[in-house]
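Note that the chains take the letters A, B, C and D in the order they are written out, and that residue 1 is the start of every chain.
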Amino acid sequence: MTPAPDTAPATASASGQGSPDRPDDVLTVRNLGVTVGGRKLVEDVDFTIRAGERVGLIGESGSGKSLTALSVMGLLPDGLRATGSVRLAGVGHDLVDADEARMSRVRGKEIAMVFQEPMTALNPTMKVGRQIAEVLLVHRTRPDRASARAAAVDLLAQVGLPDPAAAVDAYPHQFSGGQRQRVVLAIALANDPALLVCDEPTTALDVTVQARVLDLIVRGVQDRRSAMLFITHDLAVVATACERVMVMYGGRVVESGPVQEVFTRPRHRYTRGLIGASDLTAVDDRGRLATIPGSVPPAGRFPAGCVFRNRCAHATEACATRPDWVPTGPDSGYACFHPVAESGVRGTAVPTNQEAGRG
Amino acid sequence: MIVRLVKRIAVLLVSLVVSSVLVFAFMAVLPGDPARVALGTSASETAVAQLREQFGLDRPFVAQYLSWVHGLVTFDPGTSYISHTEIGPQLADRLQVTLWLVGAGMVLACILAVPMGILMAVRHRRPSGLILSALSQAGVAVPAFLAGILLITVFAVGLGWLPANGWTPPAQDPVLFLKQLVLPVLSLGMVQGAVLTRYIRSAVLDVLREDYLRTARAKGLRPMRALVRHGLRNAAVPVVTVLALQLATLLVGAVVIERVFVIPGLGSLLLDSVSNRDLIVVQDVVMIIAMAVLLVNFLVDTIYLMIDPRLRGGSS
Amino acid sequence: MRHHRRPTRGTGAIAATLACLLLASCSAGSTATGGSAGKNSLNIGLTAEPANFDFTKTAGNAIPQALLYNVYQNLVKLDQSGRIQPQLATSWRLSKDRRTYTFHLVKNATFSNGARFTAEDAKFSIERVSSDWTVAQKSQMDVVDTARAVSPTELKVTLKKPSNDWLYRMTTRVGAMFSRTGVSKLATEPVGTGPYVVKRWNRGDSITLARRDGYWGREPHFKSVTLKYFKDPTALNNALLTGTINVINDMQSPDTLYRFQNNPKYKVIEGSTNSEVVLSLNNSSGPMRNRKARQAVRYAIDHKALMDTCWAGRGKLIGSMVPPTDPWYQNLTNQYPYDRDKAKKLLKESGEAGHTLRLRIPTLPYAIACGTVVKSQLEQAGFKVKLDQLEFPAAWLSTVFKNADYDMSIIGHLEPRDMQTVFGGKGYYTGYDNPEFRALLQKADQGTKKEQITYMRAAARLLSKDAAADWLFLLPMLTVADKDITGLPVNYVSESMDLTGLGRS
Amino acid sequence: MTVLDTEAAVASAAPDDRRRRRPMTGSLLVGGFIVMVVFGLALLSFVWTPHDPTLVNPSARLEKPSLEYWFGTDKFGRDVFSQILMGSRTTLFVGFVAVGVAAVVGVPLGIVAGMAPGWLGELLMRGNDLLLAFPALLLAIMFAAVYGASTLVAMVAIGIASIPHYARLIRGGTLQVMKAEYVVAARAAGRGPFSIGLRHVLPNVSSLVIVQASVGFAIAVLAEAALSFLGFGTPPPTPSWGRMLQESQEMLSVAPRLAVFPGIAIAVVVLGFNLLGDGLRDRFDPKLEDHR
């Protein structure tokens, strides 16, 4: 997770570009940027995910976390361009700027994705069994329709759908949102991907089913020894599902590290605010919940220098220049001129897994 | 599903009855006594009265309406006031002509519009997409009869490749039939195609924004294949609705092309009958068109009912 | 709202089929241009299609134009120069008291249903006019007292009073000879003694006449003649240019005539018709009752400029209701020469200047063209004119013709010798009611040939002087045909388009 | 619906304060420009035309374009340019009548059908669909037969035939608005249906109406041309592009320019209104869009 300007290739995990550095590195992102018409929506994002590792990516709406995920998938909307480098273990080419023919061989096989809206992510006019079978047939991981169908039944059983043999012949509208998300998950896990990207997979679901779907995702990933990049704005979810977390704001990674460490001892002022805002037990003198003042600026309109400085109570003139990445461990660090002192942290509990405050 | 089907059939029947009443009532308002027109300018009042009696025009409206509907239902619409000939075969002939014209025109329109519309949607931000889009906009803006006149001027009168106008029943001379069909079908197909292209573009654009299309790509389908496998089926729904509506509308809309190319279709029968005050024929033609529109809409509805899994179930 | 459906495999199949179809037709199209008739057949382009084949009950000129002299025959017929000639009668004689005609009929004539033509059929046909016909022309037979078949080949017709006009009318539709056994389906299956029979009728498109086997007279050249109908003059031109038809009979777009005149493939014939384009004035009500106002109208119109503008200068300025092919024709154009100042003065004197005149024209090419010019010219002379376009025939007939709800209209009166009908009858839409005029017409009808001419001329002059209407011009007969077509009629003076003389060189 | 994050990011990345970044803003500009020019020409024709457009001048028949006659003259010697100028008035009249009739009836109908209880809305829409059974051209021909051919009659017919399209569209929009929380709140606060329709629904569906009206204008102009061609449109001597085109047909071989000028005028105006409609549609929420 990494640095800033051209000065430091200083991250522990990163050294040089090209193929993954270590044998168990699954995804290596270097210097990733996303631009639209000259505006930078995401810039200088560097990170690595190792095999079987579950990494969370949190931030408010507009922080660029979804764009980061979509860049990895090569599914940016029309008009948006990715720069930098995204390498996947076992794939001989860079995913950025790869042509559709190459990307389509990777998607669904090496990387798979679970989307936010289960209600619309499935084709309403196709039986779910065929939709699952399709991903197997496209990548020829099953030789024929019959075996693909059998595999689909199996997958539906794995994601805990009742009566999977009947479910393959049902249409999406016959399922509830949580059930549909399981179908989407079944599609994503069908080819045992090296990396699963989840974009707020539980946000649209009822609170009561969120935990179960989350549990299924984690189990599915663990069973396959797949790596996971998990995008959410819900800190509790990250705490439950991930080992490591990256905090994004204004299109940049502002802090990263093991979940426990970042959530209990945040260094970046933004991370601190975020955690404070999701702590429903902490109120101020007047009995109000803590919030981050101001609102997220429109993309590309973040201040120069530290992107958070216009909402930060601690900002000084120094913040007008860009803060360097300060590594604090092999996979952790932050970019802030006025970090929270390591000792002076109020003991903030890791939020429990429930509908926590949203950015 | 059966309940829905029964409901739709009931709606269709009620619509048919209501529209037949509307048509009949409208005809009653039309100025110009058919008997007078049939007899010419200086026929005596007694002769006119006699003819009115013969046609049954002196009966109460309800009786006239009922016998008209009876004629329609039994496929025996009776005899024209003006031509003194059976209307049934004439309607069948004219309808056949127009169906050839409109059918071939629509098929051509589809052949042009489906690939164009998809291409325009897929490339809607690229120069090629914009150029196609501009072309289709221009196509929509040109009146169909102007296109027809230009085609005649160039290909018939100028180059002498094809006949300028006329109609020959296919059974009489198939080669001539085809030759005479080309230009009218072209002018109809191009203009309709341009209109259709816009609809297809917009439908495909809508579908391209759908999440399930992104899901399909995330599965590893290439964009075109994802669109074909997952998108087109869904994009087809609004397009087919429009297509059905256009098809029915064209039954009379083709009259302009029929006029340019001197084709004895349903539209020109309508025009002739209106100017001759051949009211029964006018009534029948209008009713045929209304029936066609209602029927086609009903069929489209029913097909959706059969195909869309979401409509099939209990919930809407 | 409706929802999603499966893509259509069926569409693909249909599409492929049609693609083949289009390809086939394109390649077929490149070999030849179209439905040009073979050597033994002829295609003629016309404008007004008959509604049916029964002119005894259906008004209009389209039916006699197609059938008379071709399918039906008369005892006597009218030739190109307007003279009466024998047809089914070999000769005829008029009694001294000018009331009894004796016709000697051809011996070997048969109807297309196989029946022989005899004097009984002639008697039947004449009597049938009064008993069964419904069209306006039936009154032309009112003058007949009795018709008697003296022998199978001799017919005696006695009139109630002498009438020059009656024999002339026998050349028109009312003189058509029907079979006693062939009048049951007149609307669809006409039975006559002529050289042609109706073979096929593609309604809305064409009528095909076929040469009849066993025709009693001289066989016409063409085995089959197709009459193709075009509502639009441009389509008619294009059809000739692309070889779909061989002849345009009575062309309605004179501005385009030059295309054929300068082309060696075609010949153009300009002849005369009976069709006076009349600016009819409502003599019985409204501002046009005023004679001075009517005269002002006549002075206000520059006929030469009008004809040049709306009919490309083709046609003839006549100034009266009499075409040059009638024996009593005289040029009356100098009675009301174009004089805008005089028109303004007369209009002022009439006291009608404040009224807005309703010029209600039918939707016919010449009427629309002339209406535009007439309105402009009248306005320049100080009239206020409102132009209404009424759909022809129905709306124009009921509004202008039947109800006389108009001040001015424009219509071509194309019936032959129609001065009597248009201005002599009571209740006619022109509303012209002048006993002196009617007396002149009566004298003309009952007098000798010479007297007829004298009185008809006097009547026409009176009509013109009264400004009962303004005669804009006489429509020309413009025939355009392939160079090799021979025997084309020059004038259109009878009700028939006589096909029997046509040939190919 | 879609990835909210991305959408928001993309939207806020657009210049200005538009809510969405949509392509083809050019269509709005070009369409708007053309429409403004037509309005300008129509206004100009009230104060100035080079010649009297209805004056028949036999001595100037079929003149070629010149300084005197910019677009030449027709077979009656009338100035074509002046007629085109005057014709723009007819064109606008045509559009306003057709769109006006359709909107005045269709919009309230759509709103009522959208706000009414289910069965009533259904009934209204069924009746509305019945109108679809009578295509515009058919209705126009019938009306012309009854009331005589005139621009007004023809366009009222076209307007009536377009009512169902407006009603359907507006009903769809109304149903969406009625689901919105502020409407639910207003209803909970006891506001009557009339007040809600006027204060909440109408303003929110007005963008739909504007888009549809722009497209409806184009349809009306084309319909006028077709009807004039059939002889059911604008009667002479009122200058109308449709009738000029019809009149020019006969003269096509003699003076093709007579067809070219009105033909281009019609095509450009139709294009203009269509582009304007597209552009406006792009600016407003695309999810509310319907297909004519």
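Note that a residue touches a chain if its C-beta (ideal position, glycine included) is under 8 Å from a C-beta of that chain, and two chains touch if they have at least 3 such contacts.
Everything numeric in this text was worked out from a predicted model, so none of it was measured.
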Task: Farthest chain (mean CA position) relative to subunit B - done: A
Task: Chain whose averaged C-alpha position falls nearest the assembly-wide average - done: B
Open item on the list: Looking only at C-beta pairs that count as contacts, which pair of chains has more of them, C-D or B-C?
Closed with: B-C
TODO: Starting from the mean Cα coordinates of subunit C and subunit D, work out the distance between those two points in Å.
DONE: 44
TODO: Can you check how far apart subunit A and subunit D are, centre to centre, with Cα atoms defining each centre and the answer in Å?
DONE: 49
Open item on the list: I'd like the Å distance between the centres of subunit B and subunit C, where a centre is the mean of that chain's Cα atoms.
Closed with: 37
Task: Euclidean distance of C-alpha centroids - subunit B vs subunit D, Å - done: 22
Open item on the list: If a residue has to touch 2 or more other chains to count, which residues of subunit B qualify?
Closed with: 31, 125, 149, 157, 211, 233-234, 238, 241, 259, 274-275, 307-308, 310
Open item on the list: If I count partner chains per residue in subunit C, which residues reach a count of at least 2?
Closed with: 3-6, 232, 234, 391, 394-395
Open item on the list: Give me the residue numbers in subunit A that touch at least two other chains, ranges are fine.
Closed with: 79, 115, 117, 120, 124-125
- [ ] Spell out the part of subunit C that touches subunit D in their complex, as residue ranges.
- [x] 1, 232-234, 237, 253, 255-256, 258-259, 302, 305-306, 308-310, 363, 368-369, 371-373, 375-377, 387-391, 394-395
TODO: Write out the stretch or stretches of subunit D touching subunit C in their complex.
DONE: 54-56, 58-59, 61, 75-77, 144-145, 148-149, 172, 231, 235-237, 249-254
Task: For the subunit A and subunit B complex, residues of the former touching the latter - done: 73, 75, 78-79, 100-101, 104-109, 112-113, 115, 117, 120-126, 134-135, 138-139, 171, 173-174, 184, 187-188
TODO: Please give the residue numbers of subunit B that touch subunit D in the complex, ascending.
DONE: 11, 14-15, 18-19, 22, 26, 29-31, 124-125, 130, 133, 137-138, 140-146, 149, 153, 157, 199, 202-203, 206, 209, 211, 238, 241-242, 245, 248-249, 251-253, 255-256, 259, 270-271, 274-275, 282, 286, 289-291, 293-294, 297
Task: Residues of subunit B touching subunit C in the complex - done: 31-33, 36-43, 47, 51, 82-85, 90, 93-94, 104, 107-108, 110-111, 149, 152, 156-157, 160-169, 173, 175-176, 178-182, 185, 232-234, 236-238, 240-241, 259-265, 268-269, 272, 274-278, 300-301, 303-304, 307-308, 310-311
